[in-house]
Structure formats: C-alpha cells, structure tokens
C-alpha cells in the first residue's frame, strides 16, 4: 500500500476535438487537503468529475486506494474497462459537493441525507436518521431537518450538500467550487463548515475553489492548473507568496485584485 | 420664456405603496449638462423616464420648454391630463439613450437610425439616410451601417443608440447609465462620443451615471439623489471635493473606492 | 335553380348517394344507376346539355336540396309522407322490395325484419337517413340493436366482421353488395316485412327542393313519356329490377304515397 | 381495378387537399393575426370579440364546427331571411381556417407578448405611434418566434382537411372512400392514403422550416 | 323517438329541451371514448418515449419514424384504417373500441413528447448527484427523476385529454353514437339541424371550458419542485 490515495497516471480526457486533460500526472496522499486553482476552462472540474466517475477517460490510468478506477483486472490479468459493479464499489470511497448543491428538491432535508445510506449502504432507517441528525448538527442545521430544499438559503443548501456527501462515509471528499453560486454574505458559513471538517477529520479533501484566502488557510498543498496540466504546485506559502512561474503570478495577481 | 428648459415642481411619483419621488423640485437650464448620481433605487432613472413620458406622475407638475409635460390646457383654461397627441408633441423635444441600448434587433444599424425620422418626422428616405450617415460618422461607425445589432459589440451598440436618439433632433438628450451594461474595456469609446457631444453641441444633456470621473469632466452641474430627493447639488468641484452633506460624503467614498 | 335558369345555363346539378344500383358514380366520374340513367334521358328531352354530378351521403340529400347544393336528386329515394313535407317528389320512377344482407352461410339464420324484433340478441345495420329505420321502429326493434352506418359501402365490412348480424336495405342494394364480396350474401327465403297490414314496397322518384314545382312538373312530363319506351324498361332491368318492380312502379301516384299513413 | 389505377382519382383528390390546406392556412394565419392582436387591444369591445372567437373555436370540436356551418347555418340563415347556403368548398375552408385561426391567435398573442418591454420603450422614446410600434417593431420581432408553432399548426391543418370529406368535398380522403366503395380493397387504399398524407406533411414541414429561416434571418446574424 | 325519448316539435325551445336527454346519452359515450382513448395514449406514449430513448439506433430510430408517421397523418384515416383493415386480418373490434384505440394511437405520439420533455426537464445535475451517491439507475429513475417530472407532465397531459374530447366526434363515422352523431341523427329525422348541432357546440364549449379550468387548477395545486414521496 502506497501513501497515495489518489493517483492520476498520464490521464487523457477529450471532449470531441478538445483535449481537456493531456497526460495529466497528479496524486494526493491519504488525509491530505489539496486545493486546485486555475483559470476557467483549465480542467479543474474535469479532474473531480473523473474521480467521481461522472466522466470517463480516454487514456492513462486513475488509481484510488491502490485500485484502478476506470479499469479492472480481467481473469487473464490484463486490464479492461471497468464494469458498472466495479464503478459502484469504487464510488463508495468518494463523496462530492457540487457547485449548485444538486439537492433533491422533492425530498426533505433529512430524506436527502438518509436516502442513499438506507438504499445503498443498507442502513436501517433509524440508524440513518440518527447519523443524519449528527451530521445536521455538525453543519449547524439541526433544526431544519423537515424543511424542503426550496425553503433554505443558498448557504444552508450547500451545508446540506456537505452533510449528504458525508452521510455515505467516504474516505475522499470532493468539492467543486462549493461557494461560487452563493451570495457573498453566505460564503462564510459554508467555508466555516469545510474548515471544521478539514481540522477535525482525517478525510482526504480535494477542493476546487476561487477563494484564495480560504485555500491558503486550509490546504496542505495548492495546485495551479492551466490548460489541463499542473503548472505549479506547493505549500500555500510557496505558491501564494513566491510563485516560480510567470503564468501563476499573472493568475494570482488577477484574482487577488478582483 | 424662462431660462429653464426642464422644470420639476413638487413632483410626486409612486409605485403602489412605494413613493419614489416625494415633492421633487428640480430644474435644468437650456444647454446645461447635468449629471445625476446617487445610490441604487434613489429614483434617478425615474426622473429620466418621467421626462421621456415612459412613466406618469401622481402629483406636481413637469414643464419642458415652458409647456406642461403631463398636462395640457383645457378649453376653460384649467389643466387636464395630457392627451396622447400632446405627449407626442412634447416627446419630440427629447431623446433617450438606454442602459441596455434597446436597439431594434431586426433592423440594420442604418434602419435603426432612419426608421423613426422617416415614419415619425416624415423625412424622405434619402434625407434620413444622409443624416444617418453623418451621425454614424460622428459616433465612429460609418462602416457598420449594414450590420445587424446582433453583430456589434456592446460599445458599438451603445454608439448606435446615441446616433438613433440624435437622428430625431431632440433639444434635450437623456442618458440612463449608458455604460453600465458594458464590459470595462468598451466603456471608453462610448464616453468619448458623449464627451464630444457635450463639447460641440448646444444640446441640453441629463445624464445618470456611476462614472464619477466622467461626470466630473463633462458636467456643468452634478446632483446627488437620495431617496427621491436632491440631497445636494453643485459644480463638480464643489460636490466632489467638498461635499457639505454627510450622506454625500459616504456615497462618494463608497463609489470612488469600488 | 329554377327550370328557366337551368335551361338558360344548360347545366343542372344532380346528386346521388353512391348506392348501387340506384345512383352511383364510378371512379372515372361517370354517373350510373337507375336514377342517373333515366335523369340523363329526361335532361336530354328538356334540352339541358350538361349535368354536374354530386356525390353525397344519403342523409345529406334532403339537407343538400334545401341548401341549394344541387337542383335534383336521382337516388331513387323512397317517397314517404315525412319527406314530402320537406321536399318535392316526381312521380315514381321505380319500385322495389326489401332485402337483407347477411354473412356468408347466414349463420344466424335470419330471414325477415321481424326476426330482429323477436330475437333481442340480433343486431341489424341500417344506413343513416334511410327509411328502414322507420320500418324497424314500427316492428318494435330495440334501438340498442340498430347500428347506423354512413354509407352502403360500409355494409359489407359491418356484416362480414359481425359488427352487425345483417344489413337491412332494399333487395337491389342487398344483391348489389352481395355480388361485390364473397364474405356476404343475400338472406334466402326472405319475407317482406308487413307493416300496417301491408307488405312493404317502396316507390323511388326524383327529388326537388320545395318551391321548385316547375322543374318537377317538367321532369314529370318527360318521365311519363320515357316510361312508355322500351329504353326505360331496359335500363331498369339492366340494373336488376324485376318485371314486378317495373309493373309496380306505376301502381301508385306520388300524391297517394305522400298522403298515406 | 388494379391498384395502380387508384393514382388518377387519388391525385385529383390530393390536389383538392393541397388547395384546401393552402387557402385555409393563409386565411387562418390572417385570422390568427387579427384575433391575436385583437386580444391585446386596449379597446374592450375588440378584446371581448377576439376572446369570444378564440374560446368558441378552440372550445368546440372542428367536426362540430364543420357540420354546423354545413348543415345548421343554412337553416339559421333561412330563419332570419338571409341566404347562408355556403358551397362545400367555402364551408370547408371557412371551418378549417376559423379553427386553426383560433389556435394561431394564441400563438400570435404569446409571441407578441414575448417581445421585451425595452423595445416598446425605445419605440415610445422615438415617438412611434402605437400602430407603428406594433407593425414596425413588435410584429417583425414576434414573427420568428411564432414560426415553429405555425409549422405545427399547418401540419395539423393538413390533417384536419380530411374531415371535409364528410361534407362531400372531393378531397383525398373522399376519393379514397369512393374507390373503396367500389373495390372494397381497404388495405391498399388506406395504406396509400396514409403514405400520401405523410408525404404531404413532410413537404409542408420542410416548407415551413424554410419560411422560418427567412423570417428569422436577423436572429442568426451574429458576429 | 331515439333511445326511448320522444321529441317535441311544437316550438324551438320545447324541441331543445326534449332532445337534451338524448344528447346527454351521446355525451356519456363521448366521455367514455375520450377516457379510454386517453388511457391508451398514456400507456402507449410511455412505450414510445422509452423506445425513443433507447441508445441503440436500431430501436430508437424506427420508434421515431413511427411516431412521426402517426403524428403526420389524419386521425380520420387512421380510424378508417383500423376499422376496415384490421378485420381483414381477423381482428374485429367493436366500433367504440376501434375508435378509442385510434384516439389513443394518434395521441400517443403527442404524449410521448410530453414524457420526454418532462423527464429531460429534470436536469443532469440531479442524475449526477444520484450517481455520486451511488444510487442505482433504477432507483434514480423511480425516486429522483419521476417524482420531479410528474408535476411538469400532468398539466400537459390534462390539455391533451381536453383535445381528445374534441376529436371524439370523428368516431361518428364508424357508427359510434357519441354526441355529434346523436345530434346528426336527430337532425336527419326532424330535418332540423340548427338546434341539435348548436346544442352540441354549446355542450362542448361548457365541457372544455370546465375541463381547461380544472387543468389550470390542478397545475396550481401541484408542487412546483416535485411530488414529495410520502
């Protein structure tokens, strides 16, 4: 067992003619908190979506927990495309928090959180409900369990989104710009919850964000993506205070001014 | 004939329960260039829209060119609500440039400019076209006459908007935030054209804007609006360098920092 | 149009209901049948060169006349008192008895209209607007067992598929339809219905809009002459009318038929 | 009769169907504009008339309308001493266009209302009269908006023409019935009929698409 | 006399009143045919929608052609086809059944689109969220997609029910005694079409105005986000 819980090995991803990831190498250690920053269209979301198995890959190999994600061992030892059963097994290791929350609007907050644990993990309703209550408490929404998503503010919705992902007990949690669809005054409450998670849990966290100050605070490592490649990476101090690449400097000066 | 071309006398404007203008007194001299500044919702657009007869008033009196705008003299000498014919006559004195340009998307640039002179003023097509060419030249778009608005950039659209308003030969030109829907790099070209107009023509100009530097450059007078009243007015120097009201100071410091 | 207008323009509009052999139009547009053939001869006598044939549903014939969509109907429509109140009839051109079209082999063993009154399980088809409806009602047939079809041509399908057990029509219609398909036949050993103590026989004539007496009188005069000729007898027997039918056609006058009952 | 012999009478019927579709679609479009614009009129009388027309013709069955015009209207005319005996072709075209016009009116109204209020304000600032605004600004922008729905309505109208065969108008469906009358060859005749209508609908759809393209050229003009 | 009811020709009003019960018997048939046809359209439309959504073009393409064909050909001709052609292949349905089937087939082409639109309106983000939570495809469909699609589908379906009702008179050509056919027969017998046909128009107007109002009411009652489960 290696130290890396996530490993991208020369991964290629195309949309039609557009090559979004071009031989990407990238890895994340167990328990590490990694922020991904970079200009729009550079492939940040794509990396998360490949991990969450929402997008397939065209070349290379992705490993999660030392097992290939998009491939599986055939009987004769060669690798073949992953079956749905394999994907389901792998997916259980990951949870994702979406930019637009993607809550189920027809289910109460509690049902949003308990539906998958009951149906997928096979928890009893009582167990799932108890875990749901703990999680709602964690995200500060203990009193909103019976509301519907339509009755919540954006920040509350996103906190439910985080609780829903945690309810599946993933070992890796992916965040795709969790605050960029929020009104500025609601951003803080969501970042607080994420910060608490980062401090208190040994979860591996992979976070795409435009909140530079926040990325700096919580990350062990920051990766700067540009055109489907990692241009530069390092500790937040290295990257934010003394970037070595011209491109990184440009990007940082643009977003920190804006 | 008084000096004032525009005169608001205790004008009241309501939207349902909301009183937007509350006994507003306000006047503009012939040939004067006046900028209106103020926080969002303070009634700036409403003043222009009342002048352009896009909104009626609930009380008081508006005079343009010494004639009541929203009223007319009945046979017995009393004032009654203006007829459509009266409004049409009065409207001919005014032109308006809109925030969102409001060009006619189904007409070429030239037709946008010539349609009203032909249909409303009764110019011949050839006359209208010649005037259109002069105006397009003025706004620097002589070579774009045959394009459709959909093919133009925001700054070009707004310059067509200005040419269209001028084609009706108004004596008063109203601008409602003419640059606030534009990408920052396109603002300059529009302000240039407006500046040129201010310098070279004896047009009366009334301009709602958030471009403080520009307001300062071109205006004879700046009015600070707050909650449907003029809080403070004066020459640009007076108002920008030494506002007497606390509220004005606050507003200016907020917008000049932003 | 009035007689004068028709003779002036040289064109008359005559309707048929697409019933073989009374009056029908073949796919080439040629009108044939007992009604049209006699009408052609009459129009020739009246000096009208041009006939515009109109095909319409049987139930639209009277409304069509009233709405002036045509000048005359040559469908051998039965002369009945009710109808006489709506339109004008010429003197009878033909007479015919009743018949029944049944599925091949006559599986339900039907031989008379009275059978439908006695056996409530039998369903009988009639054409919309045709006089068989009145007969069935007189005989006490349950309304629920009547299947009203829009045109004669639908009868074969209706009967052969069992949607109705028989189609009640004139004997000529029934035999005409039977000759078109192997799936149907004319009910054998048929006894004519007896209504009001008399065997039913129908007299068919030409029909005109009320108020157009001139045209009717002119047609009547020409018809009376034509019925004396061999051509008339040949025409009708060519379409399957029997000698009894031919003889019967002069047994009643329209006045009697309109007044009866 | 061999099935190839059906082509003659069927093509005569098809021509009648095409004419019916053409006339009633054009007349229907005119009615749609009149009623759609009328529904938005500030004049209460005009507006009520338009609403009544739209509701009555959308609310009743086309076949009922057709029968009413053909069978009942002459009697109504007689009762008031006016000759309202419409020839079948007129009754047919009228029923079809009144019906499609009522549906089209809602399309016209929707499209007119979808034109942004900004456009009305710009027109007002340029001193266009309400009528000029309607014809020079609103309608030209609304037309491309209506075209897809009009395309559907035109096909609907083509299909509806089959109903006129029931008032003895010699259209495609009527001719087919006539042939079946003779040959009892239902399978062949109805198959040919279905395919012919389908073909005509495809052509009509293509035609409407072309029209849609031309009506909305300015919308596709992008830099 | 029709269906055991006599009519009274003494005055137009008496005539109208006396034939109202007759027309109402026809109206019952109209409503029955519309309901049955609607049921067929709901089921068959779902079949089309599913077939058209199958990834294999060998299945989806024929389904698309067939529904386009159904949609582009007149109900009247389809009705004739079913009524006269099916028996030649040994399938004899009563006229009423044939009529309801024809209505159902014609409208299935439209309801298929309603299903498709309703399902597609539930965005991909909902599917992705379900996938990220490892919910099975079947469960995603039944518990995530369908409950959110239903409120969009129901009002559109309601409008088609109203349309079907207006097409029922076409069934009169194959001897179904719906309200128009009944009025027509009364007209054939009394030679007065004006009153029966005008009454049918009035009955229809009331029926569709009420039904459309019902659909609008239903629409306003439905939750906009989805039907909450339990």
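Letters A, B, C, D and E mark the chains in the order given here, with residues in each chain numbered from 1 onward.
Keep this in mind: a residue touches a chain if its C-beta (ideal position, glycine included) is under 8 Å from a C-beta of that chain, and two chains touch if they have at least 3 such contacts.
Composition by chain, UniProt nomenclature: A, B = Arginine ABC transporter ATP-binding protein; D, E = Amino acid ABC transporter permease.
Keep in mind that this is a model prediction, so the values were computed, not measured.
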Using the touch definition from the top, what's the fewest steps needed to get from chain A to chain B? 3
Any chain touching chain B and chain E at once appears in the list D
Chain whose Cα centroid lies at the greatest distance from that of chain D: A
Among the chains, which one keeps its Cα centre farthest from the Cα centre of chain B? C
What chain pair shows the greatest number of contacts? D-E
Distance from the mean Cα position of chain D to that of chain A, given in whole angstrom: 55
Determine the centre-to-centre distance between chain C and chain D, using the mean Cα coordinates as centres, and give it in whole Å. 38
Compute the distance, rounded to whole Å, between the mean C-alpha positions of chain A and chain C. 85
Two-or-more-chain contact residues of chain C, please, as numbers and ranges. 63, 66, 157
List, in ascending order, every residue of chain E touching at least 2 other chains. 84, 173, 184, 187, 193
Touching chain combinations (by label order): A-E, B-D, C-D, C-E, D-E
Can you check the complex and tell me which residues of chain E touch chain A? 125-126, 128-129, 131-136, 139, 143-144, 147-148, 223, 225-229
List of chain D residues in touch with chain B within their complex: 118-119, 121-122, 124-129, 132, 136-137, 140-141, 218-219, 221-223
With touch defined as at the start, can you tell me which chain E residues reach chain D in the complex? 69, 71-78, 80-81, 84-85, 88, 165-170, 172-173, 180, 184, 187, 192-194, 197-198, 200-201, 204-205, 208-209, 212
Which residues, counting only chain A, touch chain E once they are in their complex? 52-54, 88, 91-92, 94-96, 98, 100, 102-108, 111, 115-116, 119-120, 148-150, 164-165, 168
In the complex, go through chain D and note every residue touching chain E. 55-56, 58-65, 67-68, 71-72, 75-76, 79, 155, 159-163, 165-166, 173, 176-177, 180, 186-187, 190-191, 193-194, 197-198, 201-202, 205
